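Here chain A shows up in two complexes: once beside chain B, once beside chain C.
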Partner chain A sequence: MECVFGMVGKGFALVVADSSAVNSILVHKSNEDKIMVLDSHKLMGASGEAGDRAQFTEYVQKNVALYQYRNNIPLTTKAAANFMRGELATALRKNPYMVNIVLAGYDKETGPSLYFIDYIATLHKVDKAAFGYGSYFALSMMDRHYHADMTVDEAIKLADQCIEEIRSRLVVAPQNFVIKIVDQDGAREHSWRRTTKD
Partner chain B sequence: MKLDFSGLESSAPLYGGNNELLSDGFSAAPSFDLPVTSDFDDFQKNSIQMVKPAKGTTTLAFIFKDGVMVAADSRASMGGYISSQSVKKIIEINPYMLGTMAGGAADCQFWHRNLGIKCRLHELANKRRISVTGASKLLANILYSYRGMGLSVGTMIAGWDEKGPGLYYVDSEGGRLKGTKFSVGSGSPYAYGVLDSGYKYDMTIDEAAELARRAIYHATFRDGASGGVASVYHVGPTGWTKLSGDDVGELHYSYYPVEPAVVEQEMTEAVAV
Partner chain C sequence: MARYDRAITVFSPDGHLFQVEYALEAVRKGNAAVGVRGTDTVVLGVEKKSTVKLQDSRSVRKIVSLDDHIALACAGLKADARVLINKARIECQSHRLTVEDPVTVEYITRYIAGLQQKYTQSGGVRPFGLSTLIVGFDPYSGVPALYQTDPSGTFSAWKANATGRNSNSMREFLEKNYKETSGQETVKLAIRALLEVVESGGKNIEVAVMTKEGLRQLDEAEIDAIVAEIEAEKAAAEAAKKGPAAKET
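So, the complex of A and B:
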């Protein structure tokens, strides 16, 4: 029942993810941060199997840092997305990583961008993306109300509408959500939407 | 890593046809019925699921102001048979770190012992103790590399390091969670109920021990795969100490003593007419 979704606005990109760590009927933790800050200007929201999610995202994070140390220049969002897709594709026929990723980044030259990366190594550059059971509700909400060049307030309002819809319509809806944003000032946590304190 | 498929082989003899050497009273190679599955691609996953022991146990751990409280039951069950009532499910990795056992007993014992070795090597190589974060990451990475091969481990690593008390949940699926309160095993939903309603960060050590003991007791009361002795350990700044080990049957009568029943009606002698 994991939900990750994201959208691009005017000069920023937003990623929203639920924060529950679940094992069959038990919620072990409801404040698990599933949006990793990849580097100063990239966010990676990941959903999927617990072990794969943590291991693959950390592997990508360390390799992105290594590239920057070796070449003295950070990877662009597009390059990072293609690197991730390549790793997923290589592992696919032997030992697939069951992780779905929404990558959001800000580059000085090209501005904000959002990438949809599937567990079978699909890669698309998109304006809005969603994964998980929540995507059934979030995608249509975003299709209806999204428009290009939204302000931060408009995008947060749309994200809140999606979260409300997921909360009211999904049978085992996650309790808490985290919202992270990336713009020219960097990638940072924006806010939480909680129903339970943990 | 060579996987052992001997359990999945059918009972047909190796050399084709009826070999006299094999059919003179000695049984064929041990095997079990292959799981019926219409999904051939999931076959391996299904067969691993079949041999995977369910995590029949109750273990819990939580962080409070004076450290970490760790508690577990002591029953080992094989299906409906209770094979032991005195299993040590809290494993002493080193004098300041504990691990709990849920899932396969052998897997947990071996990998915790292995983790203890790696922690000691870290101490010798770096002249300082390993953190709880580091120890749990070592274990999680090892378990991740054996993913899909049938290990069954659901463990909590509890310890006290330079940053204070630390608690991590690590399982054989490769998941690793940092938290303040966890319960693992078939009895864990029952334990969570008691734990969540009674938890306060500012408990004393005695209050926390009583909460842990009570939570294990209630889980053993309702869950058939949990029972035996409720052990409670405390991890403080100077390391771990065992606080108590009480038989849950005796705990039951101390929490709910037998009241003498009120007699409603007395039988009297029938009067002969």
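So, the complex of A and C:
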């Protein structure tokens, strides 16, 4: 079962996602990158219906890029989150996107931020967020160990503890995870946590 | 000929579309713009009318990005340009979304030219009053390209071209002086062409350089420096010409 979670630290935000692409009982691949780099300083971890996930995230990414060319200035994380929520809300009563998103961004003026956006267009600005069956374990772990202004090392350690919980307690736990980080230097891949090759 | 120039959809007996030709007139009155293609660089230069004191010059960008690897400069009606540029930017992103590839320079030029042509064959509309110079690097081949479109909707690729005011003088200069250049030499060639028709100085010229890495707008100080270099070279060439003659007296 898919799992995406994230947290805010001191001057950065972290997003972790599993990398399994599953269809019923078959694992298509275990190195699927579900955390899209939206622009230089935004990360979007998405889980849900595979087709919707790709369609919606790519659509958002291209619209964020278009905004930047039109206005010569990038969207703030808050603006991007609200744009996404608006698109999900508009489609909801016609042809809903079954995608859950954790949006992490870094803005020069406001620092790091994290947004929880679920498939029925709920939008919350949060310090920690999680989706999927893994969220039961990840949120509990984060509730216990998270504190404001964590360093990167502390946050990675907490992410690892969450991954460990998910791996050991979930009956169909995902094999591999990818961790991406965004801070003032931009959004980038941080590391992988693998139990299987590819 | 007055009867055949009211509507765009009417040919004149000798095969002219007068509205399109009048649109070309509008282009000829627009600011001078030049584009030069080098082996690893493409340069765009545009004349800046510096008379308005109270205007915030940062809000008047004459060379715009359509995508990371494509830039556009134009001569003619700037309001028409805004509409075309907006549509082109949407098309760049739409292309990326549907085929997961950035546009080639030729593709987006063909798209813009197609739009301009559509408005020469519809009822109740007038043509776009601008010619564009489009530069960029093709995404995988990395080949630099320079294209020009005009109000009739024709387009073609160029090694160097000019449009707008005094474009004939600039084109003549380029035809005489064009050679394959790269890097800073391409920038100098473009500025030299522009200086043929524009008052010299960084205040009056806007220059942007497109390389594989992306678009870079040159700031006033940089342009002034290059202009100074060009003037020094010109003076040296003059002196060399006069030199042997002076020895004879």
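Rule of thumb we're sticking to: the second predicted complex is superposed on the first by the 198 of 198 C-alpha atoms of A that agree within 3 Å, B and C clash if a C-alpha of one lies under 4 Å from a C-alpha of the other, contacts with A are read in each partner's own complex, and residues count from 1 in each chain.
Heads up, the rule we're going with is that a contact is a pair of C-beta atoms (placed from the backbone, for glycine too) under 8 Å apart; a residue touches a chain by one contact, two chains touch by 3 or more.
These numbers come from a predicted model, not from an experiment.
After overlaying the two complexes on the shared chain, residue contacts for A:Glu32 are found with chain B alone; chain C is out of touch. With both structures placed on the common chain, the touch criterion links A:Val172 to neither chain B nor chain C. In the overlay built on the shared chain, the residue A:Ala50 is in contact with chain B alone; chain C does not reach it. When the two structures are aligned on the shared chain, A:Ala65 is found in touch with chain C, with no touch to chain B. In the superposition on chain A, A:Ala21 makes contact with chain B only, not with chain C.
In the superposition on chain A, contact of A:Leu92 is made with neither chain B nor chain C. Of the two partner chains placed around the shared chain by superposition, neither chain B nor chain C is touched by A:Ile120. Interface residues of chain B, counted against chain A in their complex, comprise 140-141, 143-144, 147, 169, 171, 173-177, 179, 182, 188-189, 192. Residue ranges on chain C touching chain A, taken from their complex, read 61, 65-67, 86, 89-90, 92-94, 96-97. Listed in rising order, the residues of chain A touching chain B in the complex are 21, 23, 25-26, 28-29, 32, 49-52, 54-55.
Interface residues of chain A, counted against chain C in their complex, comprise 58-59, 62-63, 65-66, 69-70, 72.
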